[in-house]
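Input: structures, listed below.
Heads up, the next two complexes both have chain A, just with different partners, chain B and then chain C.
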Partner chain A sequence: MKQTVTSRVSLIYTLSVRNLWRQRRRNTILLVSVISAITGVVVLNSLVRGMQLQMVDQVVYNLNGHITLHAPDYRSDPAITRGFLEDSDEFAHKLESVNLAGWATRIKVPAVVMSERETRGVQIIGIDPSQEHISIVSDLRIEGSFLTDSTDNRIVLGRALLTQLRTKIGHRIVVVMQDSNNKSIEVGFQIAGVYDSNSEGMEKHVIFAGKHALQQFLKSESITELSLRFNTRLIPPGILESISQSFPNLEAVDWKNIDPILAFMYESVNAMVYVWLAIVFTALVFGLMNTFITAVLERTHEIGLCKSMGMKSSLVLYQVTTESLIIMFLGLIGGLLLSWGVLQLIGDGIDLSAFAAGVEMLNLAPKIRPAVVWQDVSIVVIATIFLALTASLYPAIRAVRLDPLVALRD
Partner chain B sequence: MATEILTLNNVSRTYGKEATQVHALTDVSLSINKGEFVSIVGPSGCGKSTLLNIMGALDQPTRGEVRFDGNSLGEMSRGELTDLRLQKFGFVFQAFNLLPVLTAAENVQFVLQLLGFSRPERQTETKEVLDALGLADVADRPATELSGGQQQRVAIARALVGEPALLFADEPSANLDSTSTRELCELIRQINTERGITIVTATHDPLVKGYTNRSIHLEDGRVVEDKSIP
Partner chain C sequence: MISRVSTLFAFGLLLMIIDIAQADEATLTAEELVGKVLDQTRGLTSYSELTMTVKRPEWTRKSSFTVWTRGREDALIRFTAPPRDVGNATLKKGDQMWTFSPKIKRTVRLPKSMMSQGWAGSDFSYNDLARSDSLLQHYELAIVLEQNEDNHTVYTIEAIPKENAPVVWGKEVLKVRDDYVLLEHAFYDQDLELVKWIETQDIATFDGRPIPKTLRMKNTDDEEKWTEIEHTHVEFDVELDDNKFTLFSLRGSD
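Then we have the complex of A and B:
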């Protein structure tokens, strides 16, 4: 039995390869179109995935983290009264088994900032600079000086806000906030420095102060958030639930909840990747089918001959299908190799700084770096095999249905 | 006593529908015995090829019954008929009908591969039959590069290599010159006498008919003469 199968497989393979070689010009064109389609899908998907992951990176990096823990009612009323006490030892203990790049505790409250000339609404963020290696703070371009530690009672503004307030580094500004007794307080801060970022929105609306200094002004020992950043670009599955259980008195929200518009865009990109794949492969299936129908029609006589000599219909079907699988397998290998080459060429990223406004609106980095998602590549591989079988099915059935006698007369 | 290998009882074959119906065969009854070398002769369009196709399980009669080794072909499934053609029948066609993508040896091996022979078995059997038919020198040449006579001999080698019980040859000399035809007929007769393979050939060539030991004459789809040739 095994010998029979081996012998027939060998026959099918020989016939398929020779038939493909016989029409080498046509099949080369077909192969090139398969390679192009697979390369197009893999490279474009990698770019889209790169954009998608960079959007997530930006949100995570922009002082949100992958997961943020708040007091349950903080998000509806972000005030110091909705804070919780910081217990670093307890946090470290609960997070020791989680694969984190780091965590940071912060105070985020709304405030009004006034210079001698202008007034603006902002968010004041009390930070401990030593914890902020996980956020954009460590990468901000600073003119003047940044906060030295969490007790530093100076302030750092964005350049856009500095311009709006028409003030300077070293000058004092007044920040109006609500303290832990729900009383408005006015605190004078000296401007330590000014930061530049890729986001004008951030420059206009985010100001930094020392966390402990801010606690003193707000008459509170609380923080308003514990921000976690993982070593991976996305949150590992199941980890949000596990962290929620570890901090039962806090509300754990992931970046999707923090930025639902971005989450929608993220999911839309997921759908887009598969729609694009479906469109390209559907177009390809008709091209392939057409070629294989032609191949079967050209070989009607030979197929009839094989059947008349005792070749079973199943073997005729396997032969046509094998030809399709060989073309698609070669196309797949070629497509993946070419994709690898193209991705090496554009691996450093595509510069989008010419579209700065759009880039900022989409929360993108100024350079799009492709990201190969192996799940997408696996889907391309599976889809290619499925495509090969689908495209050859109709021609193969036509071949199977040929009456050997009629075919021999052809 | 002669053993019947193939029997036809009142076999008719019509093509087309009522108004344009063509009666290719009408009430043909005959038996082929083991070891016979039979020619089916008659003018063009008399039904020779149709009869051969029905005998070879390539076509089904509209009426009547065909039996091989006592089994009715009409009761066999399409798959069983395919197996029968593979295991018991060999075919030599008028137009040689070699697979152009294969070499001479590969064309011969084709049947053995369908039969599930191992590679060493295939090589041994193929070499033996090609040597026997004087084709050793062209074994590795593509089928398309062989002369007409060589192609027909490869086609015979292919038909023989599976050691069929019955070999059908449809106008085997149609594309050959007289010298090649004579060589071919000698070869077929040798196969018939030395290997004991029953051979049925449709031909209008008197030269081919002269080599056979029985002649069935058809006219307008009917058997008009069935005689032994001494």
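Then we have the complex of A and C:
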């Protein structure tokens, strides 16, 4: 009798399902463990990825941009003397073909601020408020008023610094900087407003002035950086090189170079994600294998019987493998559905503000918003199917190797 | 740190108080009065010996140093006590400053940011004292009161910073005697609350000129803390080597 492929498949399928059904309780437990493993992996992975991307967002958003262009020697000595001239038309022309959310030109120089009672070292950032929709500036909570435009000769500082300086909105502070002749200058600024941000470090160390007003005080027409932000969360591949080429006189630095510690954390999270996947799936594979070995041992008699009645070895092998595949497939679907549900639930983010200090130290946002990375999900899917095969292989081979005579005798 | 800081302090005090000449009896405007107090030192040289006491609730520290000045731009300070600080020196030329410590045999140029800092444990800053010409440059001055005390006229001068002046104070109030001895210099914040003040404790005549012999700096935050400078010896119009105010001289032990 020549069996068709279809009938063979349906036979294997029927046998597998019945075998699974015979041990309902055990297989349900197995299914549940597969579902929870997959849900755990996917949900936690999304959280970790979310955190990782938020770290990048934070750096990019924190007045750095994805890519920052400086004069080549600026980073070793950030001073206005190491600036470059702003040519908006040229910049616009060169950046035309790049998919940018926007760009901003700024002056960033170190400064010392003095009030009646205190003196603090800070970074003064000269900005054009109309360009800053790409940075944290547009989201800062302001008390008082923010700079109206780039010629505004007032100053905005962080809440923490205001407290340290023991001064008030509307009062005057003195800022000491180095001008373009390398001479120290002292400038009196009226405090226009105060900002609150999630980072106390920023509040203490970053003060904002109008870009053109600052240029006047510094007796310079230069800016010290051109900052670019893309429409994507990460830098599109190859863009850094092409931007370097279009600005041959400037040094193009990506966020990884601006914040090497964070870049290191970012890379280690990448490694961590895969190590973690490997650990979970290894545990899962042994659980599966164990169950199927038990299943095969239980069925020694009937497998022996089937074989002695002429069932082909391959059919026995397929049968066990199919059982494993069915469990894993159901587990995968269940796990992904459950993950989807959980992610819907926590999609708004997990609030970590109770651990604000630690969160800030890690440069995280106070809310973790999960991010599903499809590459990781596809790795989970492929790994699950691959595991279903590997885990069932050993029990299946044992079943195949069973000598029908021995099996029936015991 | 302390000695560097106290050096700054000494500089400032010196530049402000040394060498105050006799008054013309004509009526003066506030600007002229402050100008006389501040500008009399221009073009002159001086040599003085001082002791300084820094008082804190927990401890008191005394030190001594010698100061040479030329005009209002140049000054050299060298510590003579306590033994730990002997030889530490500071040179001011124009608006630049260097320090030298014999222990490390290094000359260090002080960054502007440090010069503008309040010094350790106190709210005295270099700016308060050494840059006193800012009173003429950045403030509107007015004589608000004239009183007679011990056969002298004492003028009370109020200094209000001009709009956007590089000045943190809300106002400064000076009490000046008609022989240009500064009796008191008070600093008010921008809510016009008193923050700190320098008061002359003792006036003495050195080399024919009346000067504030002992000055004490106090602040309203903590009345237990003060710093006092006392002149033990002052000479005016002394002969000084041209190379007195050089980095070479800063390192030397003359």
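Assume the second predicted complex is superposed on the first by the 399 of 410 C-alpha atoms of A that agree within 3 Å, B and C clash if a C-alpha of one lies under 4 Å from a C-alpha of the other, contacts with A are read in each partner's own complex, and residues count from 1 in each chain.
Just so it is clear, a residue touches a chain if its C-beta (ideal position, glycine included) is under 8 Å from a C-beta of that chain, and two chains touch if they have at least 3 such contacts.
No experiment lies behind these values; they were computed from the predicted model shown.
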item	value
Touching partner for A:Asp196 - first (chain B), second (chain C), both, neither	neither
Contacts of A:Asp77 with chain B and chain C, given as first, second, both or neither	neither
Contacts of A:Ser7 with chain B and chain C, given as first, second, both or neither	first
Contacts of A:Met114 with chain B and chain C, given as first, second, both or neither	second
Partner chain(s) touched by A:Leu305 [first = chain B, second = chain C, both, neither]	first
Contacts of A:Asp149 with chain B and chain C, given as first, second, both or neither	neither
Contacts of A:Arg172 with chain B and chain C, given as first, second, both or neither	second
First (chain B), second (chain C), both or neither touched by A:Ser184	second
Chain B-touching residues of chain A, taken from the complex the two chains share	3-8, 10-11, 14-15, 18-19, 21-22, 301-302, 305-313, 315, 404-405, 408
Residue numbers on chain C that touch chain A, as the complex places them	95, 112-113, 116-118, 123, 125, 127, 161, 164-170, 187, 189-191, 195, 221
Chain B residues touching chain A - in the complex, by the definition given at the top	53, 58-59, 78-79, 82-83, 85-87, 89, 91, 93, 97, 99-102, 106, 110-119, 122, 158
Touching residues on chain A, where the partner in the complex is chain C	112, 114-119, 121, 153, 167-168, 171-174, 176, 178, 184-190
